[in-house]
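Each of the next two complexes has subunit A plus one other chain: subunit B in the first, subunit C in the second.
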Partner chain A sequence: MAYVATRGGEHAIEQAERLFRSDLGTITRDRVETVRDNFPYLVDRLMGEASLYEPDLAALALAQAGGDLYEAVLLLRAYRTTQPRIAIAEPVTQPDLFTVRRVSAAFKDIPGGQILGPTLDYSHRLLQVHVLMGEDYTPEPVIPAAEPAPATQPSLTDWQKAQGLIADHPVETVSPEKIPDLTREPLLFPAPRAHKLQSLARADTGGTLALGYSTMRGYGDVHPTVNELRLGEAPVRLRHPRGTVFSAGRVRVSQAEIISKSKSLELGFSATFGWNEVKVIAAAALDLASTRPDAHPASTEEFVLYHTEPVESSGFCIHFKLPHYVTFQSALDAIRDAKANGNAATAATGAKKLPTKEQEVAL
Partner chain B sequence: MKLQELTKPWAAFNYGFLDESAKRELRRRILKAIAIPGCQVPYASREVPMARGWGTGGLQVTLTLLKPASVVKVIDQGADDSVNASSIRKFFGRVGGVVETEDTGKATIVQSRHRIPEEKLREDQVLVLQVPNPEPLRPVQPDISIARDMHGDADYGQLWLVLYEQLVKSGRIMQGAEYPSLVNGRYVITPSPIPRWDVPKLNQADHLTILSAGREKRLYAVPPYTKVEPLVFDDVPYRVEDHHDKTCYRSNVTGYFVNELPQEDGSSAYELSDSHFGIKHIRKAEGEPVEIGDTWYKNGRMTDDRA
Partner chain C sequence: MTDLSAGNPVIGNYHHGQALEILAASRPAQIKAVAEQILDDIGDVAVINNRTGLAMLPYQDTVQGTAFHLGEVLVAEAHIQVPGRGVEGYGAVVGHDLEHAMAMAVIDAAIAAGHPAKPILEFLQTEQRHHADCDRERLRKVEATRVQMETF
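And now, the complex of A and B:
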């Protein structure tokens, strides 16, 4: 009955999971809140890739996965996909954003002004090792500006359009329920603009950076300039059945416009949940590059969107751990047979064999 | 009428995990796939609580087909007790309240990775195959948009060329698993990476086969009694793996697809790949009343040639 006893698989996977979870210990509400409050940028990155804005759930996913980002994205996506879509918010335009940071590299100053906001861009990246010796690292107090920046800012692109520098593409009016939704429809190519931007919004930060960087570095025709980068909070405005538009809260968002400096000025755009500057800059560069008639894969819509999908790419990568012995056996059979036939053919025709390495050395 | 009468009590997840809109979409895609045998039908492919590449395509199809009376068998590489098969089967029990089985004959749905059971499936059974790559043209054309056009034109010349090159270079066709096959005389499919041994089991079969790739968001079907022909040249017959004379060291059964187990003395031992089929033979040999179903292969040869 040895064969029957091979139900070890079930016991093994259960124990393996227990081992992982016992290493992490008990997940408590306190622990989740600690993650949420201590790693806002990590939570933001995760919410962007999961395309689910809920800091508590994102922190829970991080705690449950022990910080494994791909696991956490999958946890959130698998939860998100079962939830009904109860309403579609009103569109958000740039002047609607409660902007905390806004910079343009294209001009020294812009209407509304450059607003640095919270950033480490100009900081010296020194590890505060004294903390480990018991000395707290307390930030210096922030001195408020004499005149606070306005909460909302105009769009730089509007100015460029008025100047005739950038083509003013006609705005398509689509009723909310007709907006293509990547999470409910398959991605087909050429992709609708909405699918492309949605796909980039939930793309893997690392993958987006790798491909975006390749186009910036030279595998592509784009010499990007940051036209405008914004971090802010977008109001989530819903329409009540009676017709009143009301705000249901705010979500942190990042958005980037990358402008090309070739013959005509063209814009690439990306926006995502959470504050994640690297991702939106890289994604906007990819958006811009993919409008070019360029054969390089990193400038090809299909190549970029398929290969920056975090759940699909990470899942496929780890699936190679699964047994593949049937397919291997299937190939082995043909290889052995071909080898045997090859040897037989060589012996039959007396064909000259290539010298072995030893014989070559001897020559 | 009260509001309460119109609503259901809150539950963390829907029956069968997927929400009804996802199931509705899948049912429509499955019907389309059955209507156009072998044609790859794109679907949204929801995230499920399992990693992509681990059977999420098959999982979504099975979840859509589930009902509480379903009896589900899940196999990976032919084995019921493989860790991932156990995990998937347990998930069906958890979200669908279904009966789990290892017996091919007792299952209403068989979800499988890389194998078709040795016992024949009946009209009332559905085989769901997990597919990593649904595109037979991928080796010659990685761009999906172009590959779709090629399917539209039935432009399969390059697949024949690949087989011809193998023949010229190696003296035989080297294609292992996922052997490209023509369905209903129209669409070429990759029959998931099942071994060549299993491809003839799809031809004019009594059962419905649904092949689903979750990561690639495509599904296709081989309806019952549909012609499935591996691509072969007129003068070079199709060859399955040389397993007709291999004997399972555990069950002592000969003539089915086997796993090769390297031995320390340099030799190989063989065991039946279809694990429960092996168990049945062992039990029967021990005198237990076991019913072994009719098999496609007999004495190591495909006997049910319906083509």
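And now, the complex of A and C:
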């Protein structure tokens, strides 16, 4: 076997890319803004998986990729490498979150109350087909309360710790520069918790859901309940050259705590950029499941973190469509040789022969 | 929440952190218009930096208290010098609006240079009020979704 250099694909490759792009048409600033404004949850999902928060760039990536999420994630991750890191912001803690949704499925009367916020959880899922007949669908306006909700909500886990319901882990103070960072260090196992949570924050939503769902269904001994689910906006606090800390703006974040009632009350956690509830609930369940000493193979830390990385997993999957002629022919040659060697022995039994190379070419 | 009241006020009753936060959250068209006016008065400006870059955002796990990196946020920043006044100005905003960051840096430098406070102060008050009104309206809608739990 030898590698064979071939040519002849250059024109086809160029035209194939042109065909993809011309099918999508001209991308304008208006088009990008339309994507950003009309699909905020899709933009959120993309920013979380890309681990880069910038809604305009995410909308542009979606427009360029025609909505192919994995292509869009790759575009954003690639763009990220062109930008210098100019700061590590001050750490976000729960009291910092401008909270618009906060619910608990475990406790009815939580400090601060249950705030549903923007959600379709309790709605009928009806497609407004009359829009296609030309009749606009205008949602009913919210009837605002007389007084605003508090901008921040108290911590449920602090209350549970005070009640002695859950373990109070000592908080280790780490300077932001010392926090382990997956973008600068390899993921090694057993992974530091900081790597695990960062990896889950940038994980593929679908992959996280598939593994989280398998754990919830019974491939694991975690029987999850949402202790707390929170959607909000986190401040990005930077340092002025004279040392003053200030917020340069807010970014949308989701976080979930999962509580298991199997043996004792144990909690899992996850957070991500954007409002993406299914991802943080599944990821928090996986955080908890992967800490079990007898974790199911599909919920071990290594299995989960390796297989939910969107760029690596999608890239590996789709590389199989690229030419593998030499390796495939090599495998075919090996099979053919094995068959030829065994022909004498099998001739008497009338075993079917593989087609010859010439017959394959004719096919 | 951030303690923005450290040190002495730098303009009116606003501490440096408060002023910077209002400038970063202000409406782009408005801050650019104010900065244009100030630029005419403060003289030549030397740009040290006006670029986009990434700010890594650390986050604290509420279960075990582990600090981890949530991801990177694109930020536009501007850092300028005003040689004639011997001051520097800095601005940074979430996003890619370099002009907003530059306008913020110009106003920050003007405050440091003791530029006549009235127009800047009026701008800060207007933008603070606008931002607070937007948050209040949003939170009134959020409050409408509070569950009034009744136990039978």
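The working rule: the second predicted complex is superposed on the first by the 332 of 363 C-alpha atoms of A that agree within 3 Å, B and C clash if a C-alpha of one lies under 4 Å from a C-alpha of the other, contacts with A are read in each partner's own complex, and residues count from 1 in each chain.
Keep this in mind: a residue touches a chain if its C-beta (ideal position, glycine included) is under 8 Å from a C-beta of that chain, and two chains touch if they have at least 3 such contacts.
Values in this document were obtained by computation on a predicted structure and should not be read as measured data.
Partners subunit B and subunit C, once the complexes are superposed on subunit A, both fit on it without clashing. Using the contact criterion defined above for the overlaid structures, shared-chain residue A:V174 touches subunit C, although it does not reach subunit B. Judged by the touch definition given at the top, the superposed model places A:T157 against subunit C, while subunit B stays out of reach. In the superposed model, A:D37 makes contact with neither subunit B nor subunit C. The larger set of touched subunit A residues comes from C, when the choice is between subunit B and subunit C. Of the two partner chains placed by superposition, only subunit C is touched by A:F98; subunit B is not. Of the two partner chains, subunit B is the only one that A:E302 touches; subunit C does not reach it. When both complexes are overlaid on chain A, the residue A:E135 reaches neither subunit B nor subunit C. With both structures placed on the common chain, the touch criterion links A:F316 to subunit B but leaves subunit C unconnected. In the superposed model, A:K108 makes contact with subunit C only, not with subunit B. Seen from the C-alpha centre of subunit A, the directions to the centres of subunit B and subunit C diverge by 110°, a value given as a multiple of 10 for the model superposed on chain A. Shared-chain residue A:A334: touches subunit B; no touch with subunit C. Remark: least CA distance from subunit B to subunit C after fitting both complexes onto chain A is 6 Å. Comparing the two interfaces of subunit A, the one with subunit B and the one with subunit C have residues 80, 83-84, 183 in common.
Against subunit A, in their complex, subunit C makes its touches with residues 1-2, 4, 6-7, 16-17, 20-21, 24-25, 51-75, 77, 79, 88, 90, 92-96, 108, 135-147, 149, 151.
Contacts from subunit A toward subunit B in the complex involve residues 1-4, 6-10, 12-13, 74-75, 77-78, 80-84, 183-190, 302, 311-312, 314-319, 322-327, 329-335, 337-338, 341-342, 345. Of all residues in subunit B, only 13-14, 17-19, 21-22, 25, 42-49, 51-54, 56, 76-79, 81-87, 90, 113-115, 132, 143-145, 170-178, 193-197, 215, 217, 241-243, 250-251, 257-260, 273, 275, 278-279, 282-283, 286 touch subunit A in the complex they form.
Across the complex, subunit C is touched by residues 47-48, 50-54, 56-57, 80, 83-96, 98, 100-101, 108-109, 113-119, 142-152, 155, 157, 169-172, 174, 176, 179-183, 193-198, 201-202, 228, 234-238, 240-242, 244-251, 253, 255, 257, 267-269, 271-273 of subunit A.
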